[in-house]
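Each of the two complexes below includes chain A, the first together with chain B, the second together with chain C.
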Partner chain A sequence: MDEIALRLPSTMTQAEIKLCSLLLQEHFGEIVEKIGVHLIRTGSQPLRVIAHDTGTSLDQVKKALCVLIQHNLVSYQVHKRGVVEYEAQCSRVLRMLRYPRYIYTTKTLYSDTGELIVEELLLNGKLTMSAVVKKVADRLTETMEDGKTMDYAEVSNTFVRLADTHFVQRCPSVPTTENSDPGPPPPAPTLVINEKDMYLVPKLSLIGKGKRRRSSDEDAAGEPKAKRPKHTTDNKEPIPDDGIYWQANLDRFHQHFRDQAIVSAVANRMDQTSSEIVRTMLRMSEITTSSSAPFTQPLSSNEIFRSLPVGYNISKQVLDQYLTLLADDPLEFVGKSGDSGGGMYVINLHKALASLATATLESVVQERFGSRCARIFRLVLQKKHLEQKQVEDFAMIPAKEAKDMLYKMLSENFMSLQEIPKTPDHAPSRTFYLYTVNILSAARMLLHRCYKSIANLIERRQFETKENKRLLEKSQRVEAIIASMQATGAEEAQLQEIEEMITAPERQQLETLKRNVNKLDASEIQVDETIFLLESYH
Partner chain B sequence: MAGNKGRGRAAYTFNIEAVGFSKGEKLPDVVLKPPPLFPDTDYKPVPLKTGEGEEYMLALKQELRETMKRMPYFIETPEERQDIERYSKRYMKVYKEEWIPAGPKPKKAKDAGKGTSLTNTADVLKKIEELEKRDDGEKSDEENEDKEGSKEKSKEGDDDDDDDAAEQEEYDEEEQEEENDYINSYFEDGDDFGADSDDNMDEATY
Partner chain C sequence: MAEVKVKVQPPDADPVEIENRIIELCHQFPHGITDQVIQNEMPHIEAQQRAVAINRLLSMGQLDLLRSNTGLLYRIKDSQNAGKMKGSDNQEKLVYQIIEDAGNKGIWSRDIRYKSNLPLTEINKILKNLESKKLIKAVKSVAASKKKVYMLYNLQPDRSVTGGAWYSDQDFESEFVEVLNQQCFKFLQSKAETARESKQNPMIQRNSSFASSHEVWKYICELGISKVELSMEDIETILNTLIYDGKVEMTIIAAKEGTVGSVDGHMKLYRAVSPIIPPTGLVRAPCGLCPVFDDCHEGGEISPSNCIYMTEWLEF
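Now for the complex of A and B:
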């Protein structure tokens, strides 16, 4: 079994590849996983080579590639001699962990309608606006009381708002070229998107209301009433926005998460008002500053004052005092860049993200090795380079303990040793050995550990589920039987009898399983938050 | 060097005190095996975050996991035969439609011996229409083979469904399959199979 490729052309670590494999398998099945992981490992390849190397039929490879491309996980490119090569986006695969966070965030900003729009886009990869509106209207109608339906117009409005704030964006599409090109068409189109078109909502007049799914059409409880014919014959209305596909704009969400993290850090370190000021500044910079910029565009104190949220009643002087305080803080989240306009201020994005990554490292050291170790860690961070003896003195920790802690952190790569030779022959007895923390590499190491952690969590969850497979299946069967009996109007006593097919200890076992699975799932979500912070800093 | 081994005490080439061991102190044992799989931790982990948001995201995550399994994008591996046909299996069967990405129907007859190279997805609609107009006869170009999968009427789009499943359309999958897949492996992408139409041969046959 070729677990460790001798030659890894892609820059992904084994831990990342393993995690991608688990995610693909859980969401798309084994065939898609095989093809996806193969592409992640080998870099870009043409169709035939993929089929040959994985020992999969051409048909299955095509199906798998379709799914992966549809979900923006694989892209393609035409190379010379008309060869089309497919490439996997490993980091995009890892983003599947974050889907619940994207969806929940949209809920907090644009309520249920927005939430479902983003959910449908993530579940389907790409959709036309008309398709999204219809699906969401139908889903919302299901949840409404009898007789009420969700109007398409309302869903459209929310969609437009999401596009305006860049949370959803258009997918690259086939360029409209003049048909004068006489040569043979390329084997694959090169998709393009104009910057200014990316958030342009097509002029549609979507009129309609959501449809409730009639109970006779229920899939889960039984087979459909009549074997459903292929839908090509119904709904023959032309699609007005055919060819214009939309996807969720993950970068925009990441910008939002970053802003959230900075605001909450300021709130923790200072107070609510400071954090609101910072939030205002970030909001003002949303469109003007790119996500990879080291700091925001300078904002004048006057502008900030005018942009504060409506309910906020602080005077201009108080605002200036807060801004000065923020700028003077050693964490340097806010910097002063000039004096015009009452004072020009920026948010130091890069510094803020570095601080957050560092805080994460400190927290991990504290929780894994204890608070004395954390003290040493912070000390070395602060002083940059320290000798063994100096650490003992500054930290006021006895030599034996300090040595032990330093070595533990060294062996786990939270710290590194810097050699400073005193003489040109680099003789060890005449060399300084200094402990130092390289934040960038420690963060990368921790990130790697996070990927491994999540892979472990997923494997454990799958193991727990598999261990209890028999019991889970039994419980599902019982539920299915009860459901069908209820539908045909069974008596209470009969239902009771069926329920008792699951014994009390079995119920206990199921409860324990549920609790464990919940814990593992919740842990995955939380580790992904750390991954986000660490990845933002690089 | 093997020279000084066993003769008197080991002499370090550097000052042992620099790394924190006092002279003559017993060094820790050499570890000869990998660390244990589940090592004891000195400190208990911090409890997980709880709150409305966390609970909601947990429920979402589990729901999404289930939903994805029912979507047509989840390609099932063929199941092994069940020894007993279970009654309740009838009631749990999920009706999953076949998902085929949008694109015009394949109009032309299948070319024998052509290697197919790619199946396009929903993004290529305009291009497909162009090609449809162009593509009335048989073409031996491998480029056209690539369009095969995408040559479907895309008019339905996603709107037709009542389910979560994406569009379904008439799609003759057979057209994509090559009877002589294996023969094709002799040829690289970009080569023409000589037997078919000679008009568009740009490249040499090997």
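Now for the complex of A and C:
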């Protein structure tokens, strides 16, 4: 524990801070944004200093911190002399960009039920299992045919499966003390969680079915932006799992994305069967290998054969052939580490992630500067250091063009020059100038561009919405009127009349707006995919 | 009677005779003979007579004087050349010698100067002279376009000077290289596809998707798209550019000596491949390709709100 309260200045770039600011504002509103960005900029600070420096009332700061802590965006620490300091987790704030991807992934693995469970957990930060089950059951019932409801048991089952596969985990909680400490309580509780309890589902007997809402007074999409810390809902019955809160396990999702990227790379380079074998190997290593390990644990060919998906009918010999091919392939994603058990194989995670990051760099060079430039880039990557003349010769590109392209990439920081003087006076005519690619620094440069790009996309999206604000509000009013009229049993003709309040060109405008907003949204998520690959390489 | 010392005049002390003997010897040993050899052959001739004879032969241009590690060598000069050089003086002969030694790589004028220790003006005069006599020619080097190398008139310049198959008259043939690049790729692509569709066991499938550099070379030769004769090495340089394009991968396998296409017990195999990732997310957004990215910020002249690239992209 640090004795001195370290106030480290933020190591985040302007682009990252700007992006965090946009995200916090969009999800939680002005006040939370102000406090959050302040903490990101200044490092860790105690409550009163925050209030003073931002000129916000103590009460509002407390509420803002509540929200931020609830969503794991801010953490706190009790220092000596009882001072509690709050620190923002900037990289965690940036993960909010990835929420749609987490939710969609759960949908593909555990269908709609799983999707809504993770969505609720992400939107609320932390929830008890009983609260999640109830909410999700209600939401699913809403979408079902009249008369049908979603049973709590089914939702509970999915929840348990999510916990078993580590996609959701328990939050650290107040440690249960045997004898209550006679002394004054600490200014802030220190929350702990035991490794083995992290995925332990409490024994609940949740019985019930989802209820339909009668009117859309508070649907999930239109929740008020400034969120309040969640108390359990106003139930008269005692909550059976009070104090046991759950959150989405982002690291587990990241591991899944990483596996997906590796499998699809193998599918692109080799074939479907090879990629399925790699997928099987990664699945077998899910629990045994940590995310930052360079290799998975060695798996024997026999084990792999037994673990192949049920529908896959390939013989053991064919599997062995595929494994040999994978191990010999220049990709080097799979390696052979021994001969026992029919052959021991590992997945070279570090190499795979490096290759994916490099491929990302190459893709950007190709799209931005053209194929010839990409050829030069890959050439220098492979040969590590080259003189200009050598680049011309190997790439078979005329001298003038090659020079132009090298300088372009140099100025955009995709390449750097290494000087090797022949004489002590470093005279330029007697110095070797070697072109080289520093992958780490190029990746960092590109990451920075990604953050700024997403900030640009969000700003454009907000601009488009603002431009059409009047029309949007009108459209919402009309919707509300129609809904209430439907509820009171109005006639078709009356409904028609109200709908016509929005003219055809206005409808067109709304359509265009919707399309644009969706396109910008989708683009944010796509750029985040690039961010994921580049960050995984560090 | 007083004794008279009679100097016995050897029968073949005639200077012309000596010269002819020396020439005969030179013909016998076309690589050159040392002074020792002449002495052995005609031991009765004094050193001075020998020297006179040799000097006469040299000045008549019938002998070449060379220096070797063991000493001086005399070599019969090519009679044809001997005729040519009749009018030239020693300096010219020296320069000519140097150029001849450079073979088909040619030699730069500055290097001629170093080797002969003659002043620049002299060198230039001599070079012009020799060029007009059509004994040497200047070839522009592809490496440095201002540099001229000199070589004997009837020699073919070496590849390193002319650039080989990819240069015609000092111009790099970009389109030719491009066409070869595409043709090689198409060949490898179709080979990989037939392998994929054959649906045999994975080992055979993979092995049949490879083509050796020899195979590709044969295919290109048979296509007949090249006016110049291409070697297997030339094709390998083209295939390497495909590797740098990310379209082809190469493996080296050990091959028995004598297998068609193997060099030094190795064979290079090439295969068409697809990229491991599709174009990345960043380049699908307008900001990823934007040329004025660094100048863009909200509230500025270029901003996300008024970005024309975004507008175009949204309308697409």
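Here is the rule we go by: the second predicted complex is superposed on the first by the 479 of 538 C-alpha atoms of A that agree within 3 Å, B and C clash if a C-alpha of one lies under 4 Å from a C-alpha of the other, contacts with A are read in each partner's own complex, and residues count from 1 in each chain.
We take it that a residue touches a chain if its C-beta (ideal position, glycine included) is under 8 Å from a C-beta of that chain, and two chains touch if they have at least 3 such contacts.
Remember, it's a predicted structure, so these values are computed and weren't measured experimentally.
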(message) A:Glu362 in the overlay: touching chain B, chain C, both, or neither? Say first, second, both or neither.
(response) second
(message) Let me test your reading of the model: by the given contact rule, A:Ile31 touches which partner, first (chain B), second (chain C), both or neither?
(response) first
(message) Per the contact definition in the header, classify A:Gln526: touching chain B only (first), chain C only (second), both, or neither.
(response) both
(message) For A:Ala395 in the superposed arrangement: first (chain B), second (chain C), both or neither?
(response) second
(message) Between chain B and chain C, which one contacts more residues of chain A in the superposed model?
(response) B
(message) So in the superposed three-chain picture, is A:Val310 touching just chain B, just chain C, both, or none of them (first/second/both/neither)?
(response) neither
(request) Name the contact category of A:Leu446: first (chain B only), second (chain C only), both, or neither. (result) second
(message) For A:Leu65 in the superposed arrangement: first (chain B), second (chain C), both or neither?
(response) first
(request) With the two complexes superposed on chain A, say which partner A:Ile287 touches: chain B (first), chain C (second), both, or neither. (result) neither
(request) Identify the partner contact of A:Val174: answer first if only chain B is touched, second if only chain C is, both if each is, neither if none is. (result) first
(request) Would you mind listing the overlap between the chain B footprint and the chain C footprint on chain A? (result) 367-368, 399, 519, 523, 525-526
(message) Give the list of chain A residues in touch with chain B in this complex.
(response) 26-32, 46-48, 52, 57-60, 62-67, 69-71, 76, 81-84, 86, 99-101, 103-104, 107-108, 119, 123-128, 130-131, 134-135, 138, 171-174, 176, 179, 184-189, 191, 211, 213, 217, 219-224, 228, 230-232, 234-239, 242-243, 245, 367-370, 388, 399, 402-403, 406, 427-429, 431, 433, 476-477, 480-481, 483-484, 517-519, 521-526
(message) Help me check something: in the complex, which residues belonging to chain B touch chain A?
(response) 12-15, 18-21, 41-43, 45-46, 48-49, 53-54, 56-58, 60-62, 64-65, 67-68, 71, 73-77, 86, 88, 90-95, 97, 99-101, 115-127, 130-131, 134, 141-144, 146-147, 149, 154-164, 166-170, 173, 176-178, 181, 184-185, 188-190, 200, 202-203
(message) Show me the residue ranges of chain A that touch chain C in the complex, using the header's touch definition.
(response) 261, 264-265, 268-269, 271, 273, 318, 321-322, 324-325, 330-331, 355-356, 359-360, 362-364, 366-368, 371, 374-376, 378-379, 382, 394-399, 446, 449-450, 452-453, 455-457, 459-460, 463, 516, 519-520, 523, 525-530, 533
(message) Could you list, by residue number, the parts of chain C that touch chain A in their complex?
(response) 166, 172, 174, 177, 196, 201-203, 206, 237-238, 240-241, 243-246, 249-251, 273-277, 279-285, 287-289, 293, 296, 298, 303-305, 307, 310, 314
